[in-house]
Amino acid sequence: MRRIGILTGGGDCPGINAVIRAVAKTAINDYGWEVFGIEDGYLGLIENRFRRLTYEDVSGILTLGGTILGTSNKTNPFAQPTKFKKRIVFRDFSRRCLNNFEKMKLESLVCIGGDGTLRIAYKFFEKGVPVIGIPKTIDNDVWGTDQTFGFDSAVLNATEAIDKLHTTAQSHHRVMIVEVMGRYAGWLALCSGIAGGGDIILIPEIPFSIEKVCEKVKERSRRGKRFSIVVVAEGAYPQGGKMVVQRIVKDSPDPIRLGGIGNFVAKQIEDRTEIECRVTVLGHLLRGGGPSAFDRILATRFGEYAVRLIKKGNFGEMVVLQGREIGSLSLAEAVSRIKKIPPTHHLLKVALAMGTSLGV
Amino acid sequence: MRRIGILTGGGDCPGINAVIRAVAKTAINDYGWEVFGIEDGYLGLIENRFRRLTYEDVSGILTLGGTILGTSNKTNPFAQPTKFKKRIVFRDFSRRCLNNFEKMKLESLVCIGGDGTLRIAYKFFEKGVPVIGIPKTIDNDVWGTDQTFGFDSAVLNATEAIDKLHTTAQSHHRVMIVEVMGRYAGWLALCSGIAGGGDIILIPEIPFSIEKVCEKVKERSRRGKRFSIVVVAEGAYPQGGKMVVQRIVKDSPDPIRLGGIGNFVAKQIEDRTEIECRVTVLGHLLRGGGPSAFDRILATRFGEYAVRLIKKGNFGEMVVLQGREIGSLSLAEAVSRIKKIPPTHHLLKVALAMGTSLGV
Amino acid sequence: MRRIGILTGGGDCPGINAVIRAVAKTAINDYGWEVFGIEDGYLGLIENRFRRLTYEDVSGILTLGGTILGTSNKTNPFAQPTKFKKRIVFRDFSRRCLNNFEKMKLESLVCIGGDGTLRIAYKFFEKGVPVIGIPKTIDNDVWGTDQTFGFDSAVLNATEAIDKLHTTAQSHHRVMIVEVMGRYAGWLALCSGIAGGGDIILIPEIPFSIEKVCEKVKERSRRGKRFSIVVVAEGAYPQGGKMVVQRIVKDSPDPIRLGGIGNFVAKQIEDRTEIECRVTVLGHLLRGGGPSAFDRILATRFGEYAVRLIKKGNFGEMVVLQGREIGSLSLAEAVSRIKKIPPTHHLLKVALAMGTSLGV
Amino acid sequence: MRRIGILTGGGDCPGINAVIRAVAKTAINDYGWEVFGIEDGYLGLIENRFRRLTYEDVSGILTLGGTILGTSNKTNPFAQPTKFKKRIVFRDFSRRCLNNFEKMKLESLVCIGGDGTLRIAYKFFEKGVPVIGIPKTIDNDVWGTDQTFGFDSAVLNATEAIDKLHTTAQSHHRVMIVEVMGRYAGWLALCSGIAGGGDIILIPEIPFSIEKVCEKVKERSRRGKRFSIVVVAEGAYPQGGKMVVQRIVKDSPDPIRLGGIGNFVAKQIEDRTEIECRVTVLGHLLRGGGPSAFDRILATRFGEYAVRLIKKGNFGEMVVLQGREIGSLSLAEAVSRIKKIPPTHHLLKVALAMGTSLGV
């Protein structure tokens, strides 16, 4: 009987448990394999912490947010930050991981995670571990897959929040600024911005002009719309570069109120338009709660497919969604870059056609 | 200045208003055209009832369910049922519609609807009306598009309902049967069944064996799972054909309790397993409420693209989703058949891998 | 160390687990008592099925719908329907229950349930069992308490459903009829009807005139409102008595479509106004899902207070909400009658002031 | 025909539109009065901006969040901040308001708002305006009423957010800190904390000991619970007074990350326990979106009752909820103090019984 291991790394996201369930059910139902969950991501691999996942263990977890295995998002077995004589040094625990993998008598390893987790998975594959990757991120920025599970749920959560802020914006004639996750790619901001009817959407792919942003706010005001909704990705930055933000923040007499880019944009709009702004940082609310129906299905498909890849021996691959089909891609290719919004993407044109400003 | 008309036919579904808004905003913003909404679907075309849609009219309707234009789902201008001397006769009002179309001075017509609405749209196109179709159905059974808007919202609604019924099923050790829409295609049942962790999913594409259904219920009972969730599409039927249902219902001593296929399945399970069943018919709850984020985006993309097709003069086409891209297809092709679940579809394999029975 | 038992009877409802958790946490934290859960309501008492509930067992169940203990809603230990020579006879298992209660070495018993469960609890109290009752019903019809937990969640669920149906009603110019639970009392229909902006609300306390109902529909139609929302409690009936419904149903040429009172009302309106009606029976959806914040708090307060009553030795009492305060009442008084809506209740006046018809 | 005015002041909150609708419908339906909405709170009274509210205008607004009349929360007609020679001076516009009130030919004024708005309403009453107050605040801190509308919706929103953060907390073994509104009273923190199963709840009424807070976190960690949820009201502060926070913030080498009390608590816990913390500030999300069923009903009752008070001539009163009944109280009494959580309140005992720490 084959034994497969599974671990979840990086920030949690809705649908991880659905993947774990799908991997376990497929492996147990269809092949009679044994499935072992490694606790707290790669940390559990270093510390040899794992437990058997029975059919019962994964029953009923389809709808649960988070991950029943726990995760760690600062662990890197190849360069783990460790305290040594009061300093932080980076140690390589990969050999220990390989030993533990053998001690657990695992024959393959399913790694569920985002960019960071998948990079490490690929390194282990290069060292001979039969690895299958499953992409997970609410940012939707993993290269090679049209969508990652967790993204649809995050867009739903963000859109619901924008809907809520609309009522306050309208009642108070305010600019409401919503900061959503997305350090390198603006998928979440763009999709929730279109879905929530945002008036201005700022994404990392398009450095914005604060003048254009203010112009849009004032233009709306002139047309009698005394409120605006601005959706901004945490990784968005003004033309001139991220340094501009740092400098302005540093010179501000009121640094405490400033934090992320949302606060920066608010301050700029208030200073230039005298219209009151309010900032809401969605942060962890975006990744919380149970997965949407779409994510439950995508996660289940990913999990099932991962087991088929193991059966076929296609290691070193990552499960992907391409159009409506599930397929796979080499991990080498998948971790080679980040999936950003291409400048000609239909969603950008659609946003503009709706009268939304992209800050340029 | 060009004048375009827009109408919505068939059952309402979440996202119609998002399409109307997208058509109007794109036409007004990008080309300066005038947009006219025809009221209550083809009925308004027969009766010459329409109104101008300004930018203000479509502002804020993105999130609203239903259709601000009204709809009618029994109107067929080519064979309209009309009372005549106490009998129903079918009259052809298509000439009157063409006249009204000219009287309104419209240059093109956007028809948003399902199979029936699109067939009529195609007939008008054959008669020379510059028509663009936009597919809309919560059943997801329109040929040529990977998905219709409204479907994602309906799956969310159905899944949320299944989640709710789970708690009662577990507490009472009952079989809960959920009947969802889907007369010819089981997309909604299959997707919400997978997303809701249904134990048995019955779809029109696969006539079911009631023995297999009961076997599954009993097998679960033997394994200590004293409840089961059955998701059944309204168009599902047992092996042997729909007549079997009619006959059994007719012979039943208790006909009043019987209605749709959900009740039929419940009766059969109760008779054969002595396990208590409860039926919930989701019906109109599935199509109610505001659109999901996904549907808002898809509907907005559809609406924007429809205007581009008008601009290019690609009449007689229907907007479609193919993979992640928006494209178009001839209406002739689109209305030539219904999109059913193919027997080799990945979702069917995934359901089976999760231990779900498809009743065969 | 004292040992207390807890059981849940009747239909499940959101908040039961919150009560179980509160009873167990308070008993364990504050007094160091042991808590035992009896499975499947009184059935577990008959069959001596129970299990210890530790602090861990009740951790995390606050938000879960249903009951972790299971329930049975046809069990009556004093007259249990039992098969005997192919007939159903009623047997008295109360002696066996008393023996089991002693065998389990329990010192008191917390019974969570509605009218039926509480009546049986009272009988056991009369036989010497130190019983505490906790009222639970989504119908809100338990005498002596201003509200039961589960009711707020059910009103939320019903209101959300009515909101959803509104969009379809408006788009199609239809009468949407929503049948909600409430056999003897119309609290759920009245509250969700007011919260959902229902145009007509029919409750068991006020037999309705179908003429007045149709008049309201037609009057709205005359004022340009081409749709109406009718919220009807399952126990509502027309003036002239419930027999009227039976007779009309019996004489109907189309009995299969008729089921509950919702279908009856629909048929009458369609026959008399020629306006299309659609019926939605909410049924089990109302009691499904997790408890609302209000119900979680109320259930937690009830559970905590029940343990205080045990500590004080106030057996034979039921926990109640009076205004904003938690208190108690003798079970004898509580089960003496059903709490119906009094004819002078403010909510009735409010509904009328909003222009809602009560069908009279 | 009588003419009544209505205005909404202060922060928006779910249910305001339900009140406006109820006032208008009752006044129009039952007495044939005319209703006028004053725009943007007292600002509209100063600037003589108002509009007639017809039956149609208030139709369909029951479910909408925010206020259709607009609001302003910095306007004080008795001391309005005005720019004068580049300085801010406070001007008294009350005379102008009285003149406008007469110009509009209003006979009474319904003021919907929180503490600030009601104080001003009371001043106008003292100057002879026939005023009725309706309390509105998500903080639930208005004296004399058991509950304000908006509070139930805010508790629901906060609880839903806490539920979402639970999954991340569990997966990452983190302390999640949720900051909710409540400057002077901790009702929202206490209720959502109990409903969300918070491990630590910090409210303005009970200055907390940061040592006790950390002790609780560590104690949970020792028992194997590697996460904790802390719900903190924005007005909570440590023992020793609010100055302590200021000082610590000032001395912090990393002031930018610090903002509200939530960040302060996080920093302290991280420094003392080395367990990772994450802060979520709910802010405007709490007051956004449509009202809950409870709030729709309460708001409707308040609005109806306000019109009855006008009819009876009971001016200078505020509508209140007492137990299950709607009644009224003199505005003088209502604005005399803030409703804080009394030290012996049952909810505090309940929280403690659940094992929740109140930080002392």
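Letters A, B, C and D name the chains as they come in the text, with residue numbers starting at 1 for each one.
Definition applied: a contact is a pair of C-beta atoms (placed from the backbone, for glycine too) under 8 Å apart; a residue touches a chain by one contact, two chains touch by 3 or more.
Given the structure is predicted, the values throughout are model-derived calculations rather than measurements.
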Neighbouring chains shared between chain B and chain C, ordered by label: none
Separation of mean Cα positions, chain B and chain A [Å, integer]: 32
Length of the line joining the C-alpha centres of chain B and chain D, rounded to whole Å: 42
In chain C, residues with contacts to at least two other chains: 163
Pairwise touch network: line, ring, star, complete, or other: ring
In the complex, chain A residues that touch chain B: 21-22, 25-26, 29-30, 60, 62-63, 146, 152, 155-156, 158-159, 163, 191-192, 194-197, 292-294, 296-297, 300-301, 304, 307, 322-326, 346-347, 349-350, 353-355
Chain A-touching residues of chain D, taken from the complex the two chains share: 11-12, 14, 16, 40, 64-67, 70-73, 157, 160-161, 163-168, 170-173, 176, 249, 255-259, 278, 280-281, 283-285, 287-290
